[in-house]
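Listed after this line are the structures, all set down as structure tokens.
After this come two complexes, each holding chain A, first together with chain B and then together with chain C.
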Partner chain A sequence: MPPAKLDPQAMARRAAGFIAPGDVVAVDSGLPSLVPGVTPPDLGAWFLRNNGMLNDLPLSLADAAAVTRGGYVDLAVVNAGQVDAAGSFSSLISTVHSGPNPPGNAVDLAAGSGRVIAMLPHADDQGRPNIVATLSSPADGLRCVSAIITDIAVIEVDSGGLTLAEVAPGWSGNDVRALTGADISISPALREMDFSPPTGVPPSKVYPDGPSAIADVPDGATVFIDGFGGPGGMAHYLLISLRDQGSRDLTIVSNTAGIARVVSFGTPPGRTAIDHSVLIENGQVAKAIASFPVSPSVSRPSEFELAYRRGEVDLELVPQGTLAERLRAGGAGIHAFYTPTGAGTLIAEGKESRNIDGRDYILEYGLRADFAIIRAHKADTNGNLVYRGTSRNFNAVMAPAARVTVVEVDEIVEAGQLDPEEIVTPGVFVQRIVKRPDAFTGYE
Partner chain B sequence: MTFSKLYDTPATAVADIHDGATLLIGGATRNSEPTALLVALLASGVRDLTCVCDFADWDGSEGVLQLAHAERIASIISPFPFAGESGGVIRKQWQAGALAVEVIPQGTLAERLRAAGAGIGGVFTPVVLGTRFADGRETRTVNGVECVLESPLRADFALIRADRADALGNLAYQGAQRGWNAVMAPAARITIAEVDVVGEPGAIDPELVITPGIYVNRVVHAPPTGEQG
Partner chain C sequence: MTDDKERLDRAIIAMRVARELPPGATVNLGIGIPTLVSMFVADDSIVFYHSESGVLNCGPLAEDGNEDIDLINAGGQFLEPVPGMAYFSSVDAFAMIRGGHVDVTILGAHQVSATGDLANWMLPDRGVGNIGGAMDLAAGAEKVIVAMEHNDRNGNPKVVQECSFPLTGKGCVSLVVTDVAVMEPTPDGMALREVAPGWSADEVQSVTGARLIIPDSVAEYEV
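So, the complex of A and B:
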């Protein structure tokens, strides 16, 4: 009698052991779908399922695809049919058949994730190995699997091939090797599989104040700054923090390059609105990428306009919708796209044009930034955000496209206090949270 | 006079869906699928349909499966057209050459629908590179990354399901209902939404509207019949 194989729950418990606190984990259907249920909630993991649910947050599938393609997935757990010795996998069921294999979202998970682990039975019902020298159908993911969890073993995969690292209780290395259809070395440190749950809690995203949250913005950084025209939806406290921090040669990406001060909508008498101008006055900005870089009033030029006339700053002019689309592309792993906006106008100069199905398009590129400083109404401690009214504007589209997104909010609540249906920006896109001081206003 | 997008019955809402139409069919489970619209479509007798959907051949998906059983589907575009060897009617028809199947990875399908809805002519993304889904496709290196061109996927009609609507067609979903329905709504020439609850304009908190009514042409009130997937 061979020793017993692991049941799916035990395989899922072993897979959960790969999850670090706060990880974003994309789980395929099948065996991987059991992993969330055996992972301690305290670990703070985010599970993205192939129906678009991110924990309890409902995402559209386009937003879910952006989580994987935007590079936000730390760990993908795929439901493999076969894995080869190079770590390529196919998602077909275990016996060979012809025809269109359903890849589901396995292709996305393979391409967009930091680390891929595959779960599958070690062999099929007839004892034929699922870990093979050559896949019997085309790969859904190429050389991406770093660990394989089966019902009898854990196998590590690297450029040197397969290494048997762990065996299920009662199994020997040679037993496992006999059921493996590819060359496999047995680790000198071979051990029995450990099913203890992962431990730890994710680091807090809540920062004590603005200066600490933006302290590491380096000279030369690209920074997204949210806001529309007036004071609404602008992270005034973080702007002042960035001014005081003093980093230079910044490229700022924003709808305007600072016009709230000159349009003065709603500004109390005797005060000045805080906007991008505080950075420009302080000599910190080298370039703006914006759709409304100039004041609507010829007689009241903005700080950016004055600096531009002095030759101190560069400008890249982007139509507003194209700016939003370039940001969305940057966050969703789209490197370039064709848009009809601007075709045949000055905006098209120097850009590739293409006629597609009778319509002219130009090629535009995704935009990414080192930092985004954005404004929301409320955050929970996981970084989930809700906005209020038009203050949503560019915030929601900027958050996914920056390496570090820092949000300034009116209120921070405990995780679970926001209605999942109302959350616009999932916390996976938000790295740092700062509460705007109660006494702080958008005016100096 | 208030303009209303409300239709009295599922049958009237789908009456102009013609033979050979391309349909986006939302949902992946029973309570996220536009069941009443699909039943009405079956009754209408329309045929040679191209259906774009997530899980086509799945026990929970009565609508698409019934259309297939009645031999109304000419083509399926899906990440899960059928489940490996266990596929039923769709697999059989595909094997017999009666039905075409195009397999698209899930994220690629979502991105192509999103592009169609946003007026994008095509997107360059590296995702399918090296897999069979890149065979014969236009590629180029963008910022040092080799990418594949993905084209927008537009349709004649989208049949979607939401939790509630107002008469202007603004929609809110519940949970995983949002998944495909929200992506498909903007991507079709005519979008028909089946909803559990219909309210007056303004009945849905604007912060909770996921699909603005401009993307929705018709609304049908079809409360659930009991069974939930």
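So, the complex of A and C:
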């Protein structure tokens, strides 16, 4: 009489042990779908499900795939049919020989996730191993699985092959090896599986002030600066904080390069808005990537235009929709795309072009940055954001495309205080939150 | 001589362009004369205005004292909040444009060529310019109408055989409305459709840089 195999709940508890505080965890259907239910809420994990739910936030499937491809998934738990000794997996269910299962999003998860673990029964009902030397159906992911959780074992996978690390209660290393269809070494530190829940809380995203939130912007950084052109939706407090911090040789990516101050764009009468000019006159900017870089009025040139004429800054001019799509692509893990915008113009010079179905397109590349400074109306402590009116335009697009997105808000509320149906930017895209001081107006 | 001939004012150009907007159309208005067009759309003709700032179904401009920095159009003007507005990101704003969901855009221009090439983002003398949303609108809107003065402030024609300024888009313009004529770029050249009151086809040709295709009878603007 062999020892009992683990039930699915026990397998899920073991899988939960792989989750670190604040991790974004993509959970496949089947066995992995049990993992969120056995994970302590305090851990602050974000679970992304196949149906597009990110915890309680409903995402479109395109946005959900962008979370994965954009590199935001720390851990993917896939429902495998077979795994081979190199860590490739297929979603074929080995007891069903009617052909492969459709991969669903397993292919995206395998390509985009930080770490992939596979869950599956160790063997099928007839005792045929699911861990095999060679997959019997096409792989959904090649050499991507780093750990396998079965109903009798935890197996680590690396370039040296399979290593049995843990066994279910009552099972020996040799029992497990006998049910494994590939070479497997037994760890000298082989231990019994531990089902205790993971502990810890994620670090707070809320920073005390602007200077502390942008203190580590290095010289030479690429920084996204939000807003359309006027004071609405601009992170003025962080902009001033970045000026005072003084990092130099910055590449700024923004719709304008600072026009509000000189032409009162979107500015109430009698006010002078803080804009990108504060960085340019402080000698911090080496290059701007923008769609509307200079003043619409020739007679009122901006700080940027004056610096450009002096040869102090470079300019990469990008059509506005191309700028938005390059940001979206950067955040969504799409490296490049073809657009009709700019075909046959100066913008197309030096770029790959292609005629597709009788129309000319040019190849444009995704944009990413080290930092983004973003304004939103409200954030919750998980980093979920809501905006006001026309002040989300570039902000919502930039947030996913930066390594560190710092957000300036009017109000910070506890997690759960924002309606998930109204959240525009999910907190996975936000690393730091700062409340704009009440006395700070955004005007000079 | 046409130097002292009366030309239509900007409001009349806008009024003529407004007749090109079918009821129910989604419309994007550029800066300048195009912005005036909304004033002349009949009250019973429902047109949905789209702005790259991230709003659909824009209402009228806000009254003095009601400026909200979080409610602007692409020209930086303040909007009055109206029922039925929708806000969205720049990605969605341009998906609407490039995806063919904007039926008509009305743009200003520095030059339009006989075959509908558009140049409106840079005057070469300045050495730097703003593209903004113009190239996406030129590439993506179903219909591109140019509303502009027929000649620049030095009298140079803006309707030309070939553009000498940097292009915004090739062959994208489908109608040109100026202060002296309505013209339609065609593969064969610029066709004259209407003339301003008091102008003859020959007089329009004399202030135009492109060879006009002049039909047997040319209608006068209906204004």
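Please note the rule applied: the second predicted complex is superposed on the first by the 429 of 444 C-alpha atoms of A that agree within 3 Å, B and C clash if a C-alpha of one lies under 4 Å from a C-alpha of the other, contacts with A are read in each partner's own complex, and residues count from 1 in each chain.
Heads up, the rule we're going with is that a contact is a pair of C-beta atoms (placed from the backbone, for glycine too) under 8 Å apart; a residue touches a chain by one contact, two chains touch by 3 or more.
Since the model is a prediction, treat every value here as computed from it, not as a measurement.
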Which superposed partner A:317 touches (first chain B, second chain C, both, neither): second
Partner chain in contact with A:325 - chain B first, chain C second, else both or neither: both
First, second, both or neither for A:336, with chain B first and chain C second: first
Chain B versus chain C as contact partner of A:52, first or second or both or neither: first
Touching partner for A:421 - first (chain B), second (chain C), both, neither: first
First (chain B), second (chain C), both or neither touched by A:201: neither
Contacts of A:65 with chain B and chain C, given as first, second, both or neither: first
Which of chain B and chain C A:305 touches, first, second, both or neither: second
Touching partner for A:142 - first (chain B), second (chain C), both, neither: first
Shared contact residues on chain A - chain B and chain C: 325, 339-340, 387-389
Complex interface listing, chain B residues touching chain A: 28-29, 78-86, 91, 94-95, 101-103, 105-111, 113-115, 118-133, 142-143, 145, 147, 172-180, 182-183, 206-208, 210
Interfacial residue positions of chain A with respect to chain B in the complex: 50-53, 58-62, 64-65, 68-69, 81, 92-93, 95, 97, 99-108, 111-112, 138-142, 325, 329, 332-340, 354, 356, 359, 361, 365, 386-389, 420-422
Of all residues in chain A, those that touch chain C in their complex: 228-233, 255, 260, 263-269, 291-294, 296, 298, 305, 308-309, 315, 317-325, 327-328, 339-347, 387-397, 424
Chain C residues touching chain A - in the complex, by the definition given at the top: 31, 51-55, 64, 67-74, 76-79, 87-91, 93-94, 97-98, 126-136, 138-140, 166-170
